[in-house]
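You will see two complexes here that share subunit A, one where it goes with subunit B and one where it goes with subunit C.
And then the complex of A and B:
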């Protein structure tokens, strides 16, 4: 019994099972449907209701270590916006993520034949997000006189007449940092613009109370949220595939918990008898 | 070909990181130090190019080169001096000077943060908690159920952290309910955390299988 217990509780065996549960589903066809939650649907509906030409501000704050979770959200939202012929004003207020965000903006823009400076603008990075967010509330040119490519913002056709948050339809922060707090406090709290958040799954539960208070109008949480958005725009991508992997892995984890508890109860009963 | 080489290097570093799951080893240490070094180096370059150059070096170059059109250009000397004063911390005798820029940062930070943090994290959060007592806060019976649950949950949760009286009798019961509320919250957070970690593992595996191995094998064996 002790040997079986030691074998079952060997952490390397658990790692191996998790490894297999992630690897095997990668070779299988994932189911295409995910139940869409209201907090994701409201983001989709809000963007869907915008008129062509309106500006969506995408504040992306994540680095490559969180790309697996965050990038599908950015890509899905960008696809939706470009399909609706909306314009994108993007920032990347995380130093280690600026190039990653630029590549994603470029990738989706090329997919839809969008032109830089006309259909989308990338302002890039400036340190101290709280101060940058507040300064953008006065004028985007205060923290960003030039864009990511060092072009003066005034020379970009899309930025003509675009001064501050009053000129954007909504702000969506795709964020794996504490930056959402900054956006709520220094952005929405001060300038009262419509704000939605796309957060990692770890962070998502902490922001549901802001949904209820109306400080956020929508919340895309983790890979699941990204998969829901992919379903809403009818373009299954890496998040939809990832959710299938999630389901299999969660079943394995639940199985391991049941086995662990079963052995614990069995051991206790044997001790008593 | 170039992409295969870059991706193979990335895959090898990924394997080096995963090797820690077996046990600590030099490959893991190498990959770990590489991540820290690359991140720090990247951060310094980005910070230099996006902050120091446009906010300090360029205005000073314009000013001293006689090309300045803004009266603000020479004023960047003030934050530059404040920044340099921070380095006095390395000289114990004059370390006190660093308190000047620190107090400036604290003053600006507190002035900007305190009213907004109070407004957004406290006052605006109290409103939905008390929604059922406010006109229009609860319309349907389901609104009432959820509002009562939220109010009771917040009340019991706070009661658990009330340590000025012994947790006995009514307070004991309420704080016990508070523990349950907290545990449900932690459970939800833990579930989401597992989901997040599996997502990251999926991201790496997806890279290894679909971005690295399959194209590489295809290129090698013509599949």
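And then the complex of A and C:
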């Protein structure tokens, strides 16, 4: 009984520490500099080298549960693209994320005074990403005869002469699902377009091998990657602030691991003696 | 014939799609596009099947008064509410579906559920991340290095930890992931071949 009580107290104490480590840094000024990793820099450089008017395809696949980590990436990349006067072709291949992605596209477009249909197009959602990715490789109109707002794709000025992946400069999939694998296997593997991925921090280590093989030309990993991109475009946002919170929380977790191991070693030594 | 016909369809379609990949001809492309259209149509039917199965399962739970059956009412009400608001008001950012269903309910619920993970991870790390064996110690040290090396505060406190973290991700992690990926790829190809040749037929069970 005493053990259970101690465990409950210990758990509550840990929860309280985590709560404080998230809350307190939110009210502090975050440091503005993050070390930029080569895998993020290469995405920035590639987009930066594009000519005005070229099309960047943003394949966003995440829902509100992942928004804290993924949305800063989308917003930072959109800001960079609009600053360079690039055009955006977006899809949202997760059912729960369609409206979220639409709101982010609208928000950044309004910030830069971009016009729907001319500067950006949102194709929306169709089920089964693997099939949709393959179908878009033949013609965007196959899975999406109409855009998200039910306007025929052929009536959108930006889509004139834009048939498939061959007509976009690069594809960046901002993805918190297994969809990245589909993009690599069914998209890049078959249609050979330049592909980069933005994934959650937990997922990112899975994709380093594709980076080295050249199947991905860049990788933005987690909130850290988003903060790096915000630094590259010189516009600190929620990722830069979030990174500070994450820094402190990581320290607390590492501290907890060390304390836990200290107690474990002490217990072993006591048992032996 | 009931079992033979699906096997023949699987064999012919599987072989055609595999060969088609290597034939850059107009007819081959047309065949591929038609196959993709079929896939999309079949996929859309399976959504209807999924919803029907979900409703039926929850209905059975309520009927049998199984443990937690009241949650089935919540699930069915949520499903009905989201479908109705979506169908009636549309799903654009100005719609009732978006303001009430999406921003008001779905976003906070899913975000809260995910945010709770931070607390569980911290508690689990304190309890389970123990240096009991050599392997466990290697895992523990690697995890601490990556955790510290991926945040700016860690980089500043411990010089060189960022490079150690990058090395762990780019060398041992990549080697392991590559081995897993190659294994999965070979396994997937073997299974696909078995299905196409009719040696295994999970779709007929």
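Rule of thumb we're sticking to: the second predicted complex is superposed on the first by the 264 of 273 C-alpha atoms of A that agree within 3 Å, B and C clash if a C-alpha of one lies under 4 Å from a C-alpha of the other, contacts with A are read in each partner's own complex, and residues count from 1 in each chain.
The criterion applied here is as follows: contacts are C-beta pairs under 8 Å (C-beta built on N, C-alpha and C of every residue); 3 or more make two chains touch, one makes a residue touch a chain.
In this text the structure is predicted, and so the values were computed from the model without any measurement.
Of the two partner chains placed by the overlay, only subunit C lies in contact with A:34; subunit B stays clear of it.
In the superposition on chain A, contact is made by A:96 with both subunit B and subunit C.
Contact with subunit B, but none with subunit C, is seen for A:241 once the two complexes are overlaid on the shared chain.
After overlaying the two complexes on the shared chain, residue contacts for A:106 are found with subunit C alone; subunit B is out of touch. Contacts of A:262 after superposition: neither subunit B nor subunit C is touched. Looking at the shared chain after the overlay, A:135 reaches subunit C, while subunit B stays out of its contact range.
By the touch criterion defined above, A:200 reaches subunit B but does not reach subunit C.
By the touch criterion defined above, A:15 reaches both subunit B and subunit C. When both complexes are overlaid on chain A, the residue A:253 reaches subunit B and subunit C alike. Taken together, the two complexes place residues 15, 18, 22, 63, 65-68, 96, 98, 126-127, 131, 134, 190, 201, 205-206, 209, 212, 222, 224, 246, 249-250, 253 of subunit A in contact with subunit B and also with subunit C. Put simply, subunit B touches subunit A in their complex at residues 21-22, 39, 42-43, 46-47, 50-51, 54, 112-113, 116-117, 119-121, 124-125, 127-128, 150, 185, 188-189, 192-196, 198-206, 209-210.
Within the complex formed with subunit B, the subunit A residues making contact are 12, 15, 18, 22-23, 26-27, 63, 65-69, 95-96, 98, 124-127, 130-131, 134, 145-146, 184-186, 188-190, 200-202, 204-206, 209, 212-215, 221-224, 238, 241-242, 245-246, 249-250, 253.
Per the touch definition, subunit C reaches subunit A in the complex via residues 21, 29, 32-33, 36-37, 39-40, 43-44, 47, 91-93, 97-98, 102, 106-108, 110-111, 113-115, 118-119, 121-123, 125-127, 129-132, 140, 143-144, 147-148, 150-155, 162, 166, 169-170, 173-174, 177-178, 181.
Interface residues of subunit A, counted against subunit C in their complex, comprise 10-11, 14-15, 17-19, 22, 31, 33-35, 37, 63-68, 96, 98-100, 102-103, 106, 126-128, 131-132, 134-135, 138, 142-143, 149, 190, 201, 205-206, 208-209, 212, 222, 224, 243-244, 246-254, 256-257, 259-261, 264-265.
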